[in-house]
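Paired with subunit B in one complex and with subunit C in the other, subunit A is shared by the two complexes that follow.
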Partner chain A sequence: MTDLFHSLRDAPVSAWIGIVIVGIYTILAIGAPVLAPYPEAASIGSQYQPWAAPHYLGTDALGRDVMSRLIYGARNTVGIALLTTALAFAMGATLGLLAATLGGWFDAVSARVVDVLMAIPALIFALLILTITGTSVLALVLVIAVLDSTRVYRLSRAVAQGILTMDYIEVARMRGEGLWWLIRKEVLPNAAAPMIAEFGLRFCFVFLFISALSFLGLGIQPPTADWGGMVRESAKLIGFANFATWQTATFGLAPLLPAGAIALLTIGVNLIVDWVLHLSSGLRE
Partner chain B sequence: MKAVLSIILKRLMVGCLTLFVVTIIIFGAIEMLPGDIATEVLGQAATEESLNAFREKYDLNRSLPERYLSWLGGAVTGDFGISLANQRPISELIGQRAANTFFLAGYAAAIAVPIAVVSGMLAALYNGSVFDRMLSSSTLAAISFPEFFIAYILILIFSVALGWFPSLANVDPGMGLGERLYLTFLPAMTLTLIVLAYMMRMTRAAILNLLALPYIEMAHLKGMKRWRVIAVHALPNALAPIINVIALNLAYLIVGVVLVEVVFVYPGLGQILVDAVSNRDVTVVQAACLIFAATYILLNLMADILSIIANPRLLHPR
Partner chain C sequence: MTDLLLQMTDIRIEGRSDRQWKPIINGIDLSLNRGEILGLIGESGAGKSTLGLAAMGYTKGGCRISGGSIRFDGQELRGAPHSTLRKLRGKRIAYVAQSAAAAFNPAYKLIDQYCEGPVKHGVMGRAEAQRDAVELYRKIRLPDPDQIGFRYPHQVSGGQLQRAMTAMAMSCRPDLIVFDEPTTALDVTTQIEVLAAIRDIVREYNTAAIYITHDLAVVAQMADRIKVLLRGDEVEDAPAREMLANPQEDYTKSLWAVREFRRDPMPPQKEGTGPLLEIANVTAGYGAVTVLDGIDLTIARGSTMAIVGESGSGKSTLARVIMGLLPPWEGAIAFDGTPLPPSSRRRTPALQRHVQMIHQSADTALNPRQRIREVIGRPLEFFLGLKGAAKKARIRELLTLIELDPDEFIDRLPSELSGGQKQRVCIARALAAEPEFIICDEVTSALDQLVAEGILRLLDRLQREMSLTYMFITHDLATVRSIADTVVVMQGGKVVEQGTKDEIFTPPHPPYTELLLSSVPEMDPDWLTRLLAERGEI
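Entry: the complex of A and B
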C-alpha cells in the first residue's frame, strides 16, 4: 500500500491528468441520477435550445437536456464497455493461461481457433454476427467480448509461456503442485503488470468499438443515452454551424460534445496505461 | 533461393486455407439464424405456396454443402446472388460501390504512406528531438480519437468555417478524376489522420531497433558518413518491417473506411453493409463481409510475402 502511495506521489504530470480525467468520469457515471439536472430520456423543453441556463449545453431534437444525457451517457457507455472488457478478460485470460500451462492439443486447437477469428477484421465480424442476433445490448456485449478475448488470449498465453520456463515453476511442478495452484500462485502474480496495462488498452478498444457501432445505429439503442448514438442523432447539425454569434456556433458543436467526451476518456485511460507500463518495465530492470 | 520459394509457398497455402475457412464461417454464420429465412422474411402469415416460391428463388431446398459450393462458385466469379430486401442482383448493387471504397482507401494510402515512412525515418534519426516528441503525442491522439470525432472536426474547419471542401462526398460514376479527388478529399484526410500516426510510430520503432544493432555501430566507428550508414547498411534490413507496417495499415484502412463512409455519406461498400445489417438483408451482408474479409486477408498475406522477399538474409545462400 505504501508502494502504491509512493509511486502515485512520483507519478508524472501526464499520469495525474489521466487519473483526474478517469476520476471525474467515474464520479459522473456513479452519481448520474444525483448529478444530472434532468432525467435521461424525458423531453423537458422546446427542441434545439441554445447553450444557456437552465440548459447549459442546450437541448436536442426531442427537447431533451443534452448535459443530462451526456452525464447518463457516462454511466451507460462506460458501464457497458467495462462489463464487456471484464468478460473478454475472464474468457481470454482463462483460456490463455490454461493453454500455456496445459500445452498439448488444447493449446494447439485453441491457438488455431483464435488465428481464424483474428483473420477476419473485428468490425466486419461483429456486423456479421449482429445481423443474425439483431441489435440488443446483450448481443453487443457477448459479440465484442468474444472477439476481444482473442487478443487477451494471445497476450496472456505469451506472458504465461515466458513465466513457465522459469526455474521456480520447475520447482513447484516437482513439488507436485496442481494446475490451479500453479496458475494462481506462480503465473498470475508475475503476469499481473502487463495484464493490468492490457486491461486499460482493451477497455479503450472496446469503448471505441461500442461507440462506433452505436454511431452506425447498430449498438446501444435509443432512448438510452449513449455517446456514440448522440453523435449519430446530432450529426446533421454540424452543417448549420455558423460562427457569426456564440448562439449559432454552439448549435453546430452538438455532435462534437459526445465525440469529445469519448476522446477525452480514451486519452485519460491511455495516459494511465503508459504510466503503468513504464512503472512495470522500470521495476523489472 | 529455394528456401525462399518454399517459405512463400507455405505462407500462400496457409493464406488460402484461412480464406477458405473464413468463407465457411461467413456462409455458416448466416445458416445459424434462428428459424427459417423464408418465414422470417415473408412473415408468419405467408402461404405455403409463397414460401415454396421463395425457397425456390433463393435456392433453399438443396442441402447445405451444395448451397455453400454454389455460393462460393458464384462469389469467385462475382455473382453473389439476389438481395433479400429489394430482389435485385447483389453484384449490380455493390459493383460500383466496391470500386468507390477501394478508390477512397487507395487515395488515403497514397497520401499517408509517403508521409508516414519519411517522417517515421526522420523521427528515428533525430530520436528525442522536438519533432520526435510531437510525433509520439500525436500517436496518443490518433489512438484515442474515434474516427467520427476526427471527421467532424475536419468538417467543421474545412467545410463549415472555411468552406473549402464539401462535407458530403456524393460522387457518381460519370465524374472526372479531378472532381472525384476534390469531393473525397475530406474523407481521405480523415482516413489518413487515423492511420498516419500508427504508421509513423511503427516505422520509427523498426528503424530504431535496427540502429541499435552492433553492425550499425561498427559502420559508424569505421568513420562512414551518416547518410551512407542509413542508405547502404540500415535500409535494406529496414525494408521488410516497413513493408509490413504499410500493408498492415492498409488492411486497417479497408475496415476504417466503413465509419468514414457513413459520416460523409459516401456511396461505398461500408455504407451498404451497415444498411444491410440494420435491414437484416442477409445475402448482401454475406457478400460485403466476404469482400472486406478477403481484402483484409490478402493484404496481410501480401505483407508477409513481401517482407519475406525483402529480407536480405533469405535471398543469399549461406
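Entry: the complex of A and C
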C-alpha cells in the first residue's frame, strides 16, 4: 500500500490528468440519481430546446433533458463496459494462465479455439450473434466479454510464459508445488502490472465497441441513456445547425457532447494506462 | 604530437535514484597514453563501466557527469555537442560490450554491421570496408575469414562473436577502445582465444585500450597499468607488474588473496555408510538431441563432488535430471539406497526435501514479488508443516545461519538485496527443507570474487555443521581447487575423467582435462604468452 502511495506521489502530470478525468466520471456514474437534475427517460419539456436554464444542455427529440441523460449515460455505458471487461478478464486470464502453466494439449486446443474466434471480425461476429439472441444487456455483455477475452488470453498466456521460464518457478516446481500455488503466488503477482495496463486499454475498447453497437442500434436499447445511442439520435441535427447565433449553433454541438464524453474518458483511461505501463516496464527515465 | 591520448581529471558522475542524485564516481583522475592498455578492476558497483563509458563522453540513462573534464587528444568531451561526439565515437573511440550476442543486431550479417561504422564516418567506401573486414577477421584469427562475415550473429559461436565485435571496433582504426568485460561470459577455453586475439590486434595498431574486468588473472595478461576502483573511488594505480608483485593497499591485497581459499579436506567417511547418491547409466536429452550419454556417478555422504566442463557439456542438465525436472530416457538414480522416481511430480515431499538445488543466478531464482519471509517460509511450511511463531522463529534462525541480520532482512524484497545477499537467501531457502544433498549450480559465477569467496566459506561451514553433501557444478577450476573432494570432468555429455581432487589435478591428464586445466588464467603476467607459445599458436 505504501508502494502505491509512493508511486502516486511520483506520478507525472499526464497521469494526474487521467486520474482526475476518471475520478469525475466515477463520481458522475455513482451519484447519477442525485446529481442529474431530471430523470433519465422522462419527457420534461418541449423538444429541441436550446442551451438555456433550466436545461443547460438543451433537450432532445423527445423533450428529455440532455444533461441528465449524459450523466445517466456515464452510469450505463461505463458500468456495462466495466462489467464486460471484468468478465473478459476473468475468462481470458484464467484460461491464459492455465494454458501457459499446464502446456500440452490444453494449451494447444485452447490456443486454436482462440485463434478461430480472433479470425472472425469482432463487429460482424457481434452483430450476427446479437441479431440471433436479441439485444438484451445480458447478451451484449456476454458476447463482448467472450470476444475480448481472446485478446486477454493471448496477453496473459504470453506474459505467463515469460515468467514460467524463470528459475524461481523451477524452484517451486522442484518443491512439488501444485498448479494453484504456481499460478496464484508465483505467476500472477509478476504478471499483475501488464495485466492492469491491459485492463485499462481493454476497457476503452469495450466501451467504444458498446458505443459503436449502440450507434448501430444493437447495443443498449432506448429509453436507457447511453452515449453511443445519443450520438445516433442527435447526429441528424448537425444538418439543421445554424451557426448565425450562439443559441442555434447548439444544435450542431448536440452530437458532439456524447461523442466528446466518450473521447474524454478514453483519453483519461489511456493516460493512466501509459503511466502504469511505464511503471511496470521498470524504466526510470 | 604528444603521447598523451586521454586525460580525465576529477571525474564525478551521479546517478538518479529515489528522486535524488547519488554519486557513482567521486572524482577520479585517469590518463592514458597512445598504445597503452589500462586495466580497470573492482567489484560490481565500483563504477568501472561507468568510468569506461565516460571516457567516450557517454553516460548510461539516468546518469550525468557532474564534474571534471575529459580531454581526448586535446579536445574536451564533457559538454561537447552531440554532433562532435558522434564524429568521434566509433571512429576514434570504440566500445566492445560484455555480451557480443546482445550487442550485435540479430537481423544483419556481421559484415554489414562491420561496414556501417567506416561508411557512415566516411572513412572508406562499402567495397573497401568489406575487403578490410576480411583482412581484420583474418588477423583476429576467425575461422574462414572470407565467408564468416556473411553469416548472421546466431550462426557463429560466442567466442567468435566477441572477436568479430573486436574487429568491428577496429574498423575505423580508433585511437582508443573501451573493452567492457569482453570475456566474462565465455568459457575458459574460449576466453584464451579471445584474449590472445584482442591483445595482438591492439598491439599491432598501437591502439590504446581501457580493459574493464573483475578477473584479476585476466587483467594481469592484458594490462600495462592497473587501476583498482572501490565504490567510486580510486584505491590504487600502478604499472601492472608492480601491482601484481607488490600491492600497496589493503583492499588490493584482499583481492589478490581471494584465490587462496582452501578448505580443509573432509574427514574420511565412517565405515558401513553407503554412497548417498548413485547415478547409473543415465541418458537424457531434449527432443531428439542427446545431452547426457551414459553417466555413472556415485557421491559419498558428506563429501563435495565438483562437476566441471565447458558450457554445453551437460552439467546443468545432469542437475535437472537429478532434481526430477527432466526425466531421463534411460538409467536410474538412487538416493540413500532408495530409487528416485524419474519425475519430480511422482516424488513424495518427504523424498524431495532431501535433495535441494541452488541456482546460478539468484536474480531469477527469487520471485521479485515475495519478501524474504515468504521465500524462506514456504519450504518450512511445505516440507515441515511449520506455522505461525514456530515458522517465524525458524526463518530468523536460518537468516542468522547465513549471516544476515533477521531484523533487517526478514521483510525485504529481493530487489533490496545485493547479489551476494540474494545468493545467501537462496542458500537459506535450500536449507529450510533440511536437506542432506544440495546441488550448487554455478552458485558463485555471477558474483565478484570477494563475495564469491564469502559464499564458498559459508557453504563449507554449513557442510561441517549440518553434514551436508554437495554436488558443485562449475566451470571455474579455482573454485574446484578450493572446495572439492572429488572431481568429475564432463565433455559433450560424457564423463571424461573422475577421481579425487588430487588425482585430477596431478598429471598425466587426458587431453581434454589438460586443455581445461591449462586454460585457467594465472596471476603471472607472462602466463598467456607462455601458454600460447607452448600450444604453438603464435
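By our rule, the second predicted complex is superposed on the first by the 282 of 285 C-alpha atoms of A that agree within 3 Å, B and C clash if a C-alpha of one lies under 4 Å from a C-alpha of the other, contacts with A are read in each partner's own complex, and residues count from 1 in each chain.
We adopt the following convention: a residue touches a chain if its C-beta (ideal position, glycine included) is under 8 Å from a C-beta of that chain, and two chains touch if they have at least 3 such contacts.
Only a predicted model underlies this, so the values are computations on that prediction, with no experimental measurement involved.
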Subunit C versus subunit B on the shared subunit A, clash or fit after superposition: clash
Touching partner for A:E186 - first (subunit B), second (subunit C), both, neither: second
Subunit B versus subunit C, judged by how many residues of subunit A each one touches: B
Subunit B versus subunit C as contact partner of A:D10, first or second or both or neither: second
Contacts of A:I19 with subunit B and subunit C, given as first, second, both or neither: neither
Contacts of A:V116 with subunit B and subunit C, given as first, second, both or neither: first
Subunit B versus subunit C as contact partner of A:L35, first or second or both or neither: neither
Partner chain in contact with A:R173 - subunit B first, subunit C second, else both or neither: second
A:I262 touches, of subunit B and subunit C: first, second, both or neither? first
Superposed model, subunit C segment overlapping subunit B, candidates 77-85, 113-121 or 383-391: 113-121
Subunit B and subunit C contact sites that coincide on subunit A, given as residue numbers: none
Complex contacts: residues of subunit A adjacent to subunit B: 115-116, 119-125, 127-132, 134-135, 204, 208, 211-212, 215-218, 228, 231, 235, 238-239, 241-243, 252-253, 255-256, 259-260, 262-263, 266-267, 270-271
Subunit C-touching residues of subunit A, taken from the complex the two chains share: 10, 166-168, 170-171, 173-177, 185-186, 189-190, 284-285
Residues on subunit C engaged by subunit A in the complex (per definition of touch): 16-17, 19, 61-62, 323-325, 344-345, 347, 349, 352, 356-357, 359, 361, 364-370, 378-379, 382-383, 429, 433
Subunit B residues within the subunit A interface of the complex: 18, 21-22, 25-26, 29-30, 32-33, 140-141, 143-149, 152-153, 155-156, 159-161, 167, 251, 254-255, 258-259, 262-263, 273-274, 276-278, 280, 282, 285, 289, 292-293, 296-297, 300
